[in-house]
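Take a look at the structures below.
Consider the two complexes below, in which chain A is the common component and chain B and chain C are the respective partners.
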Partner chain A sequence: MNLRKYLKVYKKFIHTSLASELEYKTNILIDLITAILSLIGSIFLLSIFFQNNGYIGGWKFEQALIIQGIYTILNGITNTWFNPNLTEIVKHIREGTLDFVLLKPIDSQFFISLKKINPSGFLEIILGFFLLFFCIRINQINLNLGFLTLSLITISCSICILYSLWFFISTTTIWFVKTWNATEVLRSFLYIGRFPLNSFSFSLRIFFSVFIPIAFITTIPSEVFLGLSQFWKIYLEVIVATLFLITSRKFWLFALKFYSSASS
Partner chain B sequence: MVQNIIDVSNLSKSFDIASKEPGLKGTIKHFFRRQTKSLKVIKDISFEIKEGEIVGFLGANGAGKTTILKMLCGLIYPSEGSIMVSGDLPFRRKENFLKNITLIMGQKQQLIWDLPPIESFYLNASIYDIDKFEAKRRIKKLSEMLEIDEELFIPVRKLSLGQRMKSELLAALIHEPNILFLDEPTLGLDINAQRNLRKFLQKYNENTNATICLTSHYMKDITSLCKRVICVHEGSISYDGKLDLLLKKLSPVKEILIVCRSEEDAIKLENSGFTVKNKIKNEITIKIENNFITSSLKTILNNFDIEDLFINEPPIDEIIGRVLIKKDYEI
Partner chain C sequence: MKSNLINRKIFTLLKVQYSNMLEYRVEIALWAISGIIPFFMLNIWTNNNLNESINISNVMLSRYFLCAFFVRQFSVVWVVFSFEEDSLMGKVSPYLIQPLNPFFRYFAQHLAEQITRFPFALIIAFFFFIINPESIWIPNLVIFILSILSTFLSFLIQFLIQSIVACLCFWTEKASSIERLLFIPTLFLSGLLAPVVSFPAYVKSWIYLTPFPYLIDFPANLLSGNETNIAGGLSMQILWIFLLLPLFKKIWSEGTKKYTAMGS
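And then the complex of A and B:
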């Protein structure tokens, strides 16, 4: 793979996406306001849960805010990259425009996963980081290199898991043609990621760890922040993320053999 | 000797197609127990195309033309048989192969809708690893050939269909491919835009010796660009050869309207042994076989007092229409 070429193409993707989005100024403004209101609403909701009881699943409100911060960052990434690109896969397949992607001398997964960027999602990422820094202060977390490395690794793994899950579901469009609902269900499951895994019953915890690994996406990185996570959990998250990435890649290549293109 | 750039042998393609009965009952049945059947859309076809050739694929809707093009450019895996395009197996979609081909579809677009076409051109240039200066040179050259200039800087959504199609062509040709697959490129264009596009393709072929495979329902596209046609009927090839031979075979006679100076001359001509279609006063229409046109006209002009005469070619759409519904044409 020619890395220089891919970087050059990605630079162009950023340029064309920003230029396209900036054509509609009002839309960007509305998206930015929505991002701020959504974060305020989520924190308000979380504070209601903690109003009568100081602890939920062994987590204090200040600690649960870390999960909210990580969720906001992931949601920002979802809105910046996953949503504009991965929902387009369904459209590409339904309308047959995937033909143009497949005939370009560039990796098709790279092209359809990163072609578009929604700049308003950046604000959510920034807000998420602000919330995390605020949590680091109120929870008196000691910042050091080991902590930062582990945090970065676990958050990166969360992004990989989330991307792979979404990409996997979108790929099934090659057979089922229409899978909007499945990706919507995935998004709604993600909302669950705003709460500590321990706040759910045992059976739900198993479900959200094994079948839809929401636990890996927000809870483990949050535990790392609080110094509560055991190393085996971090290793497990790295393994799960790698497996998910490899599987989604192999599944895409396999699915392309069944692509029949839309009729003209 | 010119080499084959496309080699297809015993190619077949089957699709699983779902069928549904009409009405609510049919819909519910279709939802719970989907009936699918395997449909062979391409049936054991073989052909070769030489470098620099322009070949037209003719066929009715659903005959399999687009499926053939998509297999040739590597989008669809064949079920049986083999395809070699430019020495490669297309469905492997290797980088060098993809840099050598392009697909243009009249009804689908790759340009970024909200941005001027120039942005899509530079994006494509980076994908094909063409540096900025070279890309600029190619855009200039192709835009001159396509006669587009200011349109390059206007958002795609504001362009007319004709301007958009020209921009699509430029985007698809920026990497200077040797093989062009065109699926109904003039669809929906007005007469002038169609003519300009044909002129461009002709010029591109002359300048670069690129091979062009074209499908179109506009006969003018086929007659002005393609010397050779491949007729596809229900997934099989019903004719593969020169277009003029096919036309001669299908339309062996011409109708000639002769205006005589007097009605007596018309009567004399009517009784002189020619096949007469009709006669109205001093105007008479006769049918003459293509091979005898010159000699027959010489005889008529020498022996009768003729005021005027018109040779009527049967409309080409009508002739080709006959090919599309028939299974075999042996020349």
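And then the complex of A and C:
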């Protein structure tokens, strides 16, 4: 019953935001070119690293491309769902319109995280899948059911971690009001997700797996693709993802207690 | 008399914008942090001994990336985003009535932000030197002044390019997606992620004809004491400014003719 209501509301969300985004059709074309150029650029950068070395952090060029593919998919998801919605939180709080969200008979986190959708991110997701299929060909990975479920589990965990990170930072807006740039900091940290974790020095590796678990987001799914991953790593990723989801939810409810609406 | 008036205008604009910027100190500190991608790149380069193949020592490379960080900090431009917001909100109309091109206002905003940002950039550099004490160096005075000049010229080039893109707002209303498209070659070709010397020969053959290597690679090489053609680089920067300035003037005068205020 409840689930059906949420599904119905979500359909309306998709409908309205697609209608407003499709008004700027040339924008979508430009975004497509941007996504393609950005992928070419990162492969170019990767090829510079590999031009005189066979391995980086124990990864071959063909294997590092898998990380690039997964990064592109996740970046597309960020651009489609997380970025347009969570930057909206900042606006809600600054302009005091969060009151209207809280008054609605619907979960506020649901409303705030899924209200908008930006269709140009889809193109990036498709590009990422193309690159992944290409990588499966050149790395001669044989597809079977176990492999598919494992990669699906790890990638969905990555999406959960990514969402929680974004949501966490946007929630802090309730105290700091202007946190546009905090999301920029997260964005620049996420940039290292394009490279294998082992190519960084030990201290950075620790930082990016303990404090900000970017390591889990791209490296572990790619290891699953190559069949290199140990089971404890996958378990760990699942645990981290659930922990992050639960704490981000708790943190949102906690933060709402401190929200004083626009004129109070 | 007239020059006195212009002086006073510049001084007032700067003072207003500087106090404006000081209100958002945390935001600017966060923005400074979000520029640390060059340090992650440095970590990949030195951790995998990639620099041996391009004949740059570890110390010189770390100086290069530190300088790249600094040049980027003082040449960040966001005029297109401000202008797009102002033009969508209809704030451009009152600016147009004033006897001052509104781009001077944005220009002062950028300069004020750079002044605010300076101490934060210094703190980041201080931490960098604590971690890498062997890379401390003192450039001689002439080089230092020249590199400040070339950083400023790089800022000017980027400011002009973005202002030209911003003027497209008069026609399309959403010019920021064009800016995001232009940002991709800037990111990968300017030397922020990898020094231009490391690029493969097929890119090096044409890249020096584009403005990109003069945005970060040239000033960073100059300041860090890496090998570079000083006279050639500076004259190319000035050449690009002379090419872009009339273009901006042209598109500005065309655009303001095209401009229709809100409600008309």
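As a convention for this text, the second predicted complex is superposed on the first by the 262 of 264 C-alpha atoms of A that agree within 3 Å, B and C clash if a C-alpha of one lies under 4 Å from a C-alpha of the other, contacts with A are read in each partner's own complex, and residues count from 1 in each chain.
FYI, a residue touches a chain if its C-beta (ideal position, glycine included) is under 8 Å from a C-beta of that chain, and two chains touch if they have at least 3 such contacts.
The shown structure was predicted, so the numbers you read here are calculated from the model rather than taken from an experiment.
Upon superposition of the two complexes on chain A, no clash is found between chain B and chain C, which fit side by side. For chain A, the partner that touches more of its residues is C, with chain B and chain C as the two candidates.
Shared-chain residue A:S260: touches chain B; no touch with chain C. By the touch criterion defined above, A:Y191 lies against chain C but remains apart from chain B after alignment on the C-alpha atoms of chain A. Using the contact criterion defined above for the overlaid structures, shared-chain residue A:P105 touches chain B, although it does not reach chain C.
In the superposition on chain A, contact of A:K8 is made with chain B only, not with chain C. Touch criterion met: A:A19 reaches chain B, while chain C stays clear of it. By the touch criterion defined above, A:T97 lies against chain B but remains apart from chain C after alignment on the C-alpha atoms of chain A.
In the superposition on chain A, A:L143 makes contact with neither chain B nor chain C. Of the two partner chains placed by superposition, only chain C is touched by A:F49; chain B is not.
The gap separating chain B from chain C in the superposed three-chain model is 7 Å, by closest C-alpha atoms.
Chain A residues in contact with chain B (one complex) as well as with chain C (other complex) are 24. Against chain C, in their complex, chain A makes its touches with residues 24, 26-27, 30-31, 33-34, 37-38, 41-42, 44-45, 47-49, 51-53, 56-57, 176, 178-182, 184-185, 187-188, 191-192, 195, 199-201, 204. Note for the complex: chain A touches chain B at residues 2, 5, 8-9, 11-13, 15-16, 19-20, 23-24, 95-97, 99-100, 102-106, 257, 259-261, 263-264.
By the touch rule above, chain C contacts chain A in their complex via residues 24, 26-28, 30-31, 33-37, 40, 43-44, 47-50, 53, 172, 174, 177-178, 180-181, 184-185, 187-188, 193-194, 198-200, 203. Chain B contributes residues 15, 66, 70, 73-77, 93, 95, 98-99, 101-103, 105, 107-110, 112-115, 119-120, 122-124, 126-129, 155, 183-184 to its touches with chain A in the complex.
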